[in-house]
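Please find the structures below.
In the two assemblies presented below, subunit A is common to both, partnered first by subunit B and then by subunit C.
After this line comes the complex of A and B, so read on.
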């Protein structure tokens, strides 16, 4: 790897052209994001027609409902219109923030979700913080200090990656809630610090496998940089180790590591469903499971779409950040 | 002068170390290593248990006896009983069937679909390739677990809907890997030579390119198995997958939660342990297979 210096453009040229590829790239990614969201909405809407039986009987599931309630369902889904009209109306309502009405609770889905969102966001944010802080620290340490400790740490990380979220949750409950009694077993607690305290075990359970993954990744990236020629050259030039680590290793290893760590954090969204169910946190994920069990399909649709949208938006943001932070990534082409 | 000599010597020493490391890697690349063989051994044992489960269960795994709840280990119940007095060992043995068959179906289905899609995309190229890439990207936007939950909402709780949904959700992983590998194979001289000889595209893709990327396909399938197993077990754990009274490891961890709160964690822990052992074995084997296919290419 030889260091290449780009030939500096004349100032005027540089300033007038530099913005264009970047802007085109960002617009392209946003268009891609909208296209994917569009497809996702078709899948979630079309699911209603994949279900056995006709949509109305599927929605009501043999519940005894008043005429008004059935009429409300019909107007909500416009069941008497052609399918594409139904979809467009549904999408239009969605874009106006109307997620439909829950069949079980007979309340707007958006109200129900808003009440449950804080618990979900809290546990995901806490887990993400744990993944970044602990994963990067362990990975960086064992990458820079080869030896028996780092070998065992990496072996441990491999083992931890084989632990599903719900198993981690159950073991944490057995050790820290039932036996040691340091943490509550269930519940979300009162808003504020109590909620954070109640979310510690869930967040750890959710983060565990991702911590191991990010640690392994960081370690591998740093090892690779350590053996790279530019680092060996810097060593043979007698540069101080601290300088080499800061300027040559960390800067090069950081970009891929942060990208994959970001994608891992986006992946926590799906796992949060299970953690919320185990610890009864009363968030959106637990609501999804109970809505599936109670056949409250408007709620299931809304939650699935919300999660997919959050997942796609996060992925796109990370993608953009990656491309904009690393000048070596060519913005014009899409790497697949 | 001495400084320059020492730098050259240091560089040479570093070079030697690098060469030695590469040589060790090459020598190792042919075999799976000790850990790989241990993983294979564990998986063979688990597979045999699942195959022979109905023949080797000591007692009926679904025989409820409420007066025998949470019995400690004894001669007639080697691991004791669960909350309903059912024999724990028998349920763990029986549970291996649903726990292993589900992921196997998903991996086989998604691998066949994804590989076929990717090979077609590479072969036809142009707009078809672009269309495949778009579709695969769109599927990738759905986390597997979420798609499986949506499917159970539509078709009712159980393994069938979940397996079908995950088979679709795991297509992107294999399709992306096969597509990029097949793209680079396609540009190699041997493919051009075959085309010059007038060999049909289908034959080149299936007889020549497919065998050359098969190592990657097997490695990816093995790694996927572990993730699918965790997804399906998680689904059964929250009550949307395998339905009671059928024994399943994931469902047993879920049912064991009531025991956990009564200081009877054995059911949850033993089923958890089997899940972790299986996933760890599959992951280790998958890692070794990936290393091997990378070393060969």
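After this line comes the complex of A and C, so read on.
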């Protein structure tokens, strides 16, 4: 533990430096983001070529073709170039904002993705909202009010955490869509409220395990703060319980909870692929699965990179929020 | 002088691993308005537990027998708003580890003013002014800036001063100081101690001062209580503690300390190891380690005996061994080793 004794720093100097660590932190994060994306691009590009099968067989769809036609295809897709040259060409296009052209649809990848993005974003945002609202509420309640209800809720949460997303999705469909008929079985619906309605079941399926996780985490964090010595101090000073709960228990528990909850929400991106597939939402995730099956390389590469970028950006935002929440963490420096 | 705090036959049991263990046994003490009472003893002797019982901070599941009276009110019967007021303006606790006891993610200013704002309804500006004045009073420079700082930006000594300032802001009638200087280095200890003393005198507060430092207790307190195994074994005026201990345990403690004007090859230690209240034997808890122990000591728990007007002891043999204890303590003070005293 370092002890910062009063180092007299002139006020002017102090304030002019105050913005620097934050700026440096953000710049550093952006550089890190670019570096990660670069590595991810190599992995994404290489993985498809390491996958069994030659791109050519997928282009020809197994049909026998004339030598000229194959040569033309090879030239069109630069298949004769060494892999590193193909990679660099692809990367160069990427940097110009060009994701390439879908082999299957023969359309720009960016157009295809833009059409499918809203469904994906909607289901992830709705799931994130459910995770935060329900997870935090259950966790806070059972943390602050121990008793049989809390114990059973937490036992239930633990059980739910163990359910894989695709199982949850199927069970939800059987119960709420088929048997009760409250929700549509699949499809994304018309834009607007209908889309939200169609996304409720998928969002619940996607959020379920994370809700349980966040609830458990919140409960643990609140229990820990409840027995913290600084809370005992607050009690010994006769502060109103409401005040202690808000300003000491919840305030302090929020630091680990929001950080890990943020990471959990970032993790929803991966889970959304499965949910979209089960519910046939027609979003990016479902597109990814069909593109992998059809070996539509440019699309797969673009989607993977988008997911990686989204995940890293969310992570960076969480880091920033963490530093804002916890004054002991100073941006751009190692914590003491 | 009216009695502010009266603890009568306080016995506390805590649930540990499914059984109730006694941590305090028949503790009685009283403290007058504005006076200072010291409480010394080794770790686990029940000092902090006594303070927690008085402040109503016992862990849940604790069972309590006996009474604590504060300014005429039965402390264990306080509920709800009355309990909150008692904690808010009756007693203030100064904890040993200020760093753990001050919320690390809130500003010093929040910590200092929260009680004033919530309990006394002071406007933020007024509360802040009072906090600034108090910080200056406890010798913290540049108080305006400190209010905006976080605990991790302050040293341990500064934080303990903040703690003292926070305890005093609400003008309590009693301060429970639970080893307030133990976690600090020696020079800081002296500073913090003098600040605490000054604040106590300025605001006329009574103080229960808990420490394991006999010397400090006798320097600071009017009277001192010695605790052993959850019991009060001796109580008398602090000045006499060293020259005329009223319990063999106190005498042994006095002799076990190094002194600045005496060269010690080896400090005499008390044989055996400290006993906790729940595993204390029948009879006198100190008997197994006491060189004066006889059969009568091991039969029944000794009562508190009044010794003249001096004080009380829980040693049944005190009337007969009193002179012996005094002699050995005095000889020791003159630089004669314990081995020689024993001869």
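Note that the second predicted complex is superposed on the first by the 279 of 336 C-alpha atoms of A that agree within 3 Å, B and C clash if a C-alpha of one lies under 4 Å from a C-alpha of the other, contacts with A are read in each partner's own complex, and residues count from 1 in each chain.
Note that in this section contacts are C-beta pairs under 8 Å (C-beta built on N, C-alpha and C of every residue); 3 or more make two chains touch, one makes a residue touch a chain.
Source: prediction; values computed, not measured.
Participant: Let me test your reading of the model: by the given contact rule, A:174 touches which partner, first (subunit B), second (subunit C), both or neither?
Facilitator: The answer is first: A:174 touches subunit B but not subunit C.
Participant: In the overlaid three-chain picture, which partner chain does A:236 touch, first (subunit B) or second (subunit C), both, or neither?
Facilitator: Touch partners of A:236: subunit B and subunit C.
Participant: In the superposed arrangement, does subunit B or subunit C reach more residues of subunit A?
Facilitator: B
Participant: With the two complexes superposed on chain A, say which partner A:311 touches: subunit B (first), subunit C (second), both, or neither.
Facilitator: After superposition on chain A, A:311 lies in contact with subunit B alone.
Participant: After lining up the shared chain so the two structures overlap, which partner does A:252 touch, if you call subunit B first and subunit C second: first, second, both or neither?
Facilitator: Only subunit C is touched by A:252; subunit B is not.
Participant: Looking at the overlay, does A:188 come into contact with subunit B only (first), subunit C only (second), both, or neither?
Facilitator: neither
Participant: I'd like to know which partner A:47 touches here: subunit B for first, subunit C for second, both or neither.
Facilitator: first
Participant: Just subunit B (first), just subunit C (second), both, or neither: which does A:165 touch?
Facilitator: In the superposition, A:165 contacts subunit B only.
Participant: So which positions on subunit A get touched by both subunit B and subunit C?
Facilitator: 232, 236, 336
Participant: Show which residues of subunit B lie in contact with subunit A when the two form their complex.
Facilitator: 7, 10-11, 14, 18, 133-134, 137-138, 141-146, 149-150, 152-155, 157, 176, 179-180, 226, 230, 233-234, 237-240, 250, 253-254, 256-257, 260-261, 263, 265, 268-269, 272, 275-276, 279-280, 283-284, 287
Participant: Would you mind writing out the residues of subunit A in touch with subunit B in their complex?
Facilitator: Result: residues 32, 35-36, 39-40, 43-44, 47, 50-52, 58, 158-159, 161-167, 170-171, 173-174, 178, 185, 227, 232, 236, 267, 269-271, 273-274, 277-278, 288-289, 291-293, 295, 297, 300, 304, 307-308, 311-312, 315, 336 of subunit A touch subunit B.
Participant: Any idea which subunit A residues touch subunit C in the complex?
Facilitator: It is residues 1, 3-6, 228-230, 232-240, 243, 247-248, 251-252, 255, 325-328, 336 of subunit A that touch subunit C.
Participant: In their shared complex, at which residues does subunit C touch subunit A?
Facilitator: Subunit C residues touching subunit A: 55, 57, 83-89, 91-93, 95, 97, 99-106, 110, 114-115, 118-119, 141-142, 150, 152-156, 166, 170.
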